[in-house]
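First the structure, then my questions, so here it is.
All chains are identified by letter, namely A, B and C, in their written order; residue positions are counted from 1 within each chain.
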Amino acid sequence: MSSLGSSVCGYVLLLVVQIVLIIVFGFFTNYSEEILPKNGNATEGLEDKKPLAKYPHFQDIHVMIFIGFGFLMTFLKRYGFSATGLNLLVASLAIQWAIVMRGCYVMEGGKIPLSLDSLIGADIAAAAVLISMGALLGRTTPMQLLVMTICEIAVFAANEYLQVDLMRIADVGGSITVHAFGAYFGLAVSFALRPSKEDAKTGPMEGSSYGSDITAMIGTIFLWIFWPSFNSALVDGADQERAIINTYLSLAGATVITFVMSIMVSHEKKFDMVHVQNSTLAGGVAVGSVCNLLIHPFGAVLVGVIAGVISVLGYRFLTPAMLSKLRISDTCGVNNLHGMPALLSAVFSAIYASVATTEVYGNSLTTIFPAMKQNSSLTEEDLHGMVIGGYGRSAAMQGAYQLSAISLTVLIAIVGGLSTGLVLRSPMMRQLEKEEHHIDDVCWETPAESDTEEPSTNLCQ
Amino acid sequence: MSSLGSSVCGYVLLLVVQIVLIIVFGFFTNYSEEILPKNGNATEGLEDKKPLAKYPHFQDIHVMIFIGFGFLMTFLKRYGFSATGLNLLVASLAIQWAIVMRGCYVMEGGKIPLSLDSLIGADIAAAAVLISMGALLGRTTPMQLLVMTICEIAVFAANEYLQVDLMRIADVGGSITVHAFGAYFGLAVSFALRPSKEDAKTGPMEGSSYGSDITAMIGTIFLWIFWPSFNSALVDGADQERAIINTYLSLAGATVITFVMSIMVSHEKKFDMVHVQNSTLAGGVAVGSVCNLLIHPFGAVLVGVIAGVISVLGYRFLTPAMLSKLRISDTCGVNNLHGMPALLSAVFSAIYASVATTEVYGNSLTTIFPAMKQNSSLTEEDLHGMVIGGYGRSAAMQGAYQLSAISLTVLIAIVGGLSTGLVLRSPMMRQLEKEEHHIDDVCWETPAESDTEEPSTNLCQ
Amino acid sequence: MSSLGSSVCGYVLLLVVQIVLIIVFGFFTNYSEEILPKNGNATEGLEDKKPLAKYPHFQDIHVMIFIGFGFLMTFLKRYGFSATGLNLLVASLAIQWAIVMRGCYVMEGGKIPLSLDSLIGADIAAAAVLISMGALLGRTTPMQLLVMTICEIAVFAANEYLQVDLMRIADVGGSITVHAFGAYFGLAVSFALRPSKEDAKTGPMEGSSYGSDITAMIGTIFLWIFWPSFNSALVDGADQERAIINTYLSLAGATVITFVMSIMVSHEKKFDMVHVQNSTLAGGVAVGSVCNLLIHPFGAVLVGVIAGVISVLGYRFLTPAMLSKLRISDTCGVNNLHGMPALLSAVFSAIYASVATTEVYGNSLTTIFPAMKQNSSLTEEDLHGMVIGGYGRSAAMQGAYQLSAISLTVLIAIVGGLSTGLVLRSPMMRQLEKEEHHIDDVCWETPAESDTEEPSTNLCQ
């Protein structure tokens, strides 16, 4: 079915993509104005030397994308090379492509201006792809993942622009545009690639080993630690500090409740590592869209607790049901970690938005919800958003926009994911056989002393 | 002795605790004044947008608490799920409870004001609990750890307030209030839970495996790397930079000497991983209370070297003796890593304080030792501290206060630990049997391929 | 050949070195002026309280040195204790010694002034030693590594002073002074210690295991993540932001191309972990000397892609050839990760320097290339550099200086490495036997359950 030639062929294609990216970078990007050298006797001095305020936030997110997602996915007993390695490959392609795709919407004079903000945005876009990858983990070739990356980033960037720039929704932690999008895109791809009826069951290599469960905790804990940075990277000042506090509390609440729920629902009345590795993080997702709002400390913990409950129940009951009923595999359970908590977050954001008043939010109301500015006080930048958004919104309207944003995002993600899935299952692309699932040896040279037999021919494409 | 019902019972209790915490947060906390929205035409602008100066420090500490402690405790061959998982659970409960308990002493208008500083304080409080957990590692049920967390945080917060706010001692790195407190609290609990005479020996599962010793190094090295942030988080400017430099040098000195001592005292004249994983960090503890003082680079290295020597000797000779003579188990050797180096730090702080003069410290003398302010120059905030502390102290008096602080802290920790231990060994709480020590399988669903036999009934409570 | 006595002897020597360091610190170092307390009624206030702008950068580099290098070297199946432990020991000695050696060139009033910058410089110097250690990994005793550390840091500091301070070359990411220096120093030592003809082949323990390849990825990914901090730590403002963006893009390009090349050249047409663990990082090295220049985004990606190609080809063809033809072992392949990409970076820096004009660089031209200042506008600090450098250079001249810098650095590294190698193979120092290579058990107490037989006598020196 797959010859050596076609495999190398695939990677020649990847080489071509990388070369095209270089050319696109050459013609359509430049450093942003502020970091280009200045001429004349301008007194740069102080302004020029100020430290990059967002750099620590960026580095925290960078750790989440490359260590967090990468190691979280090492939980499979024989898929750690792919988890860490393909995570690195997919993200490296995604960030380059995201700089271009996201940049299309902010071009100045025919050039995409690059700054630290572009890198933060690119990392966040990569997160959406890695979430989708989690749904498919172990059931695709690397080449399929790379094609998915290219499709998904394009749709992601368009949807993000639609929701944030045009519809002016509040989503500083990306629960709507990143987590819901990534999860449902991935699940739609998974549905498109669904197995035949007799194969719709957990594979023999789909479990963890004692050691792999511990390396997965490296990923979980780094995600847990830096989630406040993820949620607060795009805001400043008091908003940022509130986002940090709320995310911290929500995660703590989700963690405690995850252990409680795990012991209650698990088969042997013991803790289940799957829950600990994933549901503890649901608090970070669920608080994402509301983390800078005045949800107050108790609200933050409560959001986390609800998310933890939903997430553990999802792992215990929903994921197996989706596999057996709908034949949708979800290797990492992204629906439970990202999907449902993101829906929850969107609903909360609608509720909080619909009751937001100047009495409570003071001057920051129109910073947080820019579309609630009165038409009389619009700046030129605001007019940009008027195409779809409409300004002078009431609080209730803003709430309705939040709900429309999550609905539209899920719809776009599903349609995008199904279309991408059709491409991935086209005859041009090699599919993995059932017995090749969740095994590194298919695509990686593995150390000789391993007791897993090595496939004698190359199966990687 | 323990039925399934009673086990779930325990976790219903944890659920209740979490709900009570939400209610307490609801009634008694709010964001601090600065991060609440402002009304009116105040010109927030610049001030409001300035980056959170302490956030990188906070995140470093956050890594220490959740990755550092968590992975350091994975050294046991079959206790890695508990090390990383229970570390996450205990710390998540501890930080919520610490925000409340520490907040009691700074309430404003009936509300505890939350800010980034509260999170830093909560993380540091969690460190004390995790140190105590290290002394008990593998010999308690999760439920016992959680009860200990609740007791310990309450005592910790009271003692911290007593020493720092009332007695005005200098302890920026928390050697006295965190390390000594946590270590002796844990050892006192361990004493209360001491085994019968015939059981007072190292258990069969108490050793490491080749792989677990390497994952433990993840914890060690992250603690080592970020210790300068831990010691310098609560000070600013020149004090902060000195704290960083001194901690860096002390750790380097402790590390070199740890390898020297290890090869000298170990049985086979080789390096011992226990020493490398732990004693290399003793330099960070020993310099804690003096790290912002003018101990000069040579003083910093010297403190580290002395701490390294004491710590390795402690692991080699004292820990076995404590077990055989006093029946005090200390799984992680917290006495050698946290206890004795903290005593050393307190003694150094007394010496340095007692010779501090305005000639040497200039204007910063009364910032570092606020109780050395003259009565004539007291501000209103200072009067707060007069209840116990007394102002206008001489340098010698400050030295005496430093010594009283460590004595009182150790005393409070031991009394608190013994009391907590009595609760933990009460008939209401399930105790682990000797053969259940240091095994994940007691409380965790473990992968089937493991060759450790699974206990047939649930033993986790 | 080696008695117990002589082994302990070696460590007594290390103890003496540490004590000498304390004495040197006592007599010849102090905190820098800015972080010493001030007297009089100076208004410190604001200035004194400003956050340490470089601290997050420092901590990122700190993670690279201690986690990055340490875990990258755990790839060997039975050398993880040494990789993480000796990395910690060697770096702890290196940073102390580097503070002294680098400080010699900036003494003020007979004292080396310590500040955060000294720590950053010390960490970077340690990187050079750890690169050299990578070339030798598993083939030396710890004592040999420590002697090498002492020699190498001294030569490193002199060469760094020569290139950066006297010759005024542009090398903000340290490709020339750190990566090329460290790689060729290490390879020269390796050549000096070369095995007899019949032993010049890969040892039986020189491979990886499935688990060790995954822990090595911890190192790789943390190096990958924080490389932008390494390259941008020594510059400010717009230069810093460009250095971050260029390094980020170069790494992404190198990563994609590494996977492409790996599948093309590897034996089974699959991904090879050696390439993924190392060549993905070559982009960070290759962009080092030019990362703050106006190489534009496409230039950054292109540099990374070229470096990735060269690096993978080096691992596949050059390293085996060097071993069989020249008997130069290179355990970690530092020539492919650090050596050749650094040469590439130097060549690029010469090209970019030789075409740099005021039209393009504006005011920043003479900040980036200080020796291109006109003689009329020299400040006193500049005169310092006139000894060798000469000022008023043309762009072409600066390009020539860049080429002379890399040539001179490689020459100094090779001469220094060969001399050091002669010391290491002197009869006074114990050498490892071939069968002792790449095994922790030679120097470490290892857990009993391991199936590797323990050497019955101590072999560590």
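Methods note: a residue touches a chain if its C-beta (ideal position, glycine included) is under 8 Å from a C-beta of that chain, and two chains touch if they have at least 3 such contacts.
These numbers come from a predicted model, not from an experiment.
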Same or different: at the chain B/chain C interface, is the fraction of residue numbers used by both copies above or below half?
-> different
Roughly how far apart in rotation are chain A and chain B when fitted on CA atoms, stated in degrees to the nearest 5?
-> 120
Where chain B and chain C are represented by their mean Cα positions, the distance between them in whole Å = 34
Two or more other chains in contact with one residue: find those residues in chain C.
-> 56, 211, 215, 218
Which of the residues in chain A end up touching chain C in this complex?
-> 4, 7-8, 11-12, 14-15, 17-18, 21-23, 25-26, 29-31, 34-42, 44, 48-52, 55-56, 59, 62-63, 66-67, 70-71, 74, 78, 80-81, 84-85, 88-89, 92-93, 95-96, 99, 114-116, 118-119, 142, 211, 215, 218, 443-450, 458, 460
Could you please specify the touching residues of chain B with respect to chain C in the complex?
-> 53-54, 56-57, 60, 77, 207-211, 213-215, 217-218, 221-222, 224-226, 229, 236-238, 240-242, 244-245, 248-249, 251-253, 255-257, 259-260, 263-264, 266-273, 276, 280, 294, 296-298, 301-302, 305, 358, 360-365
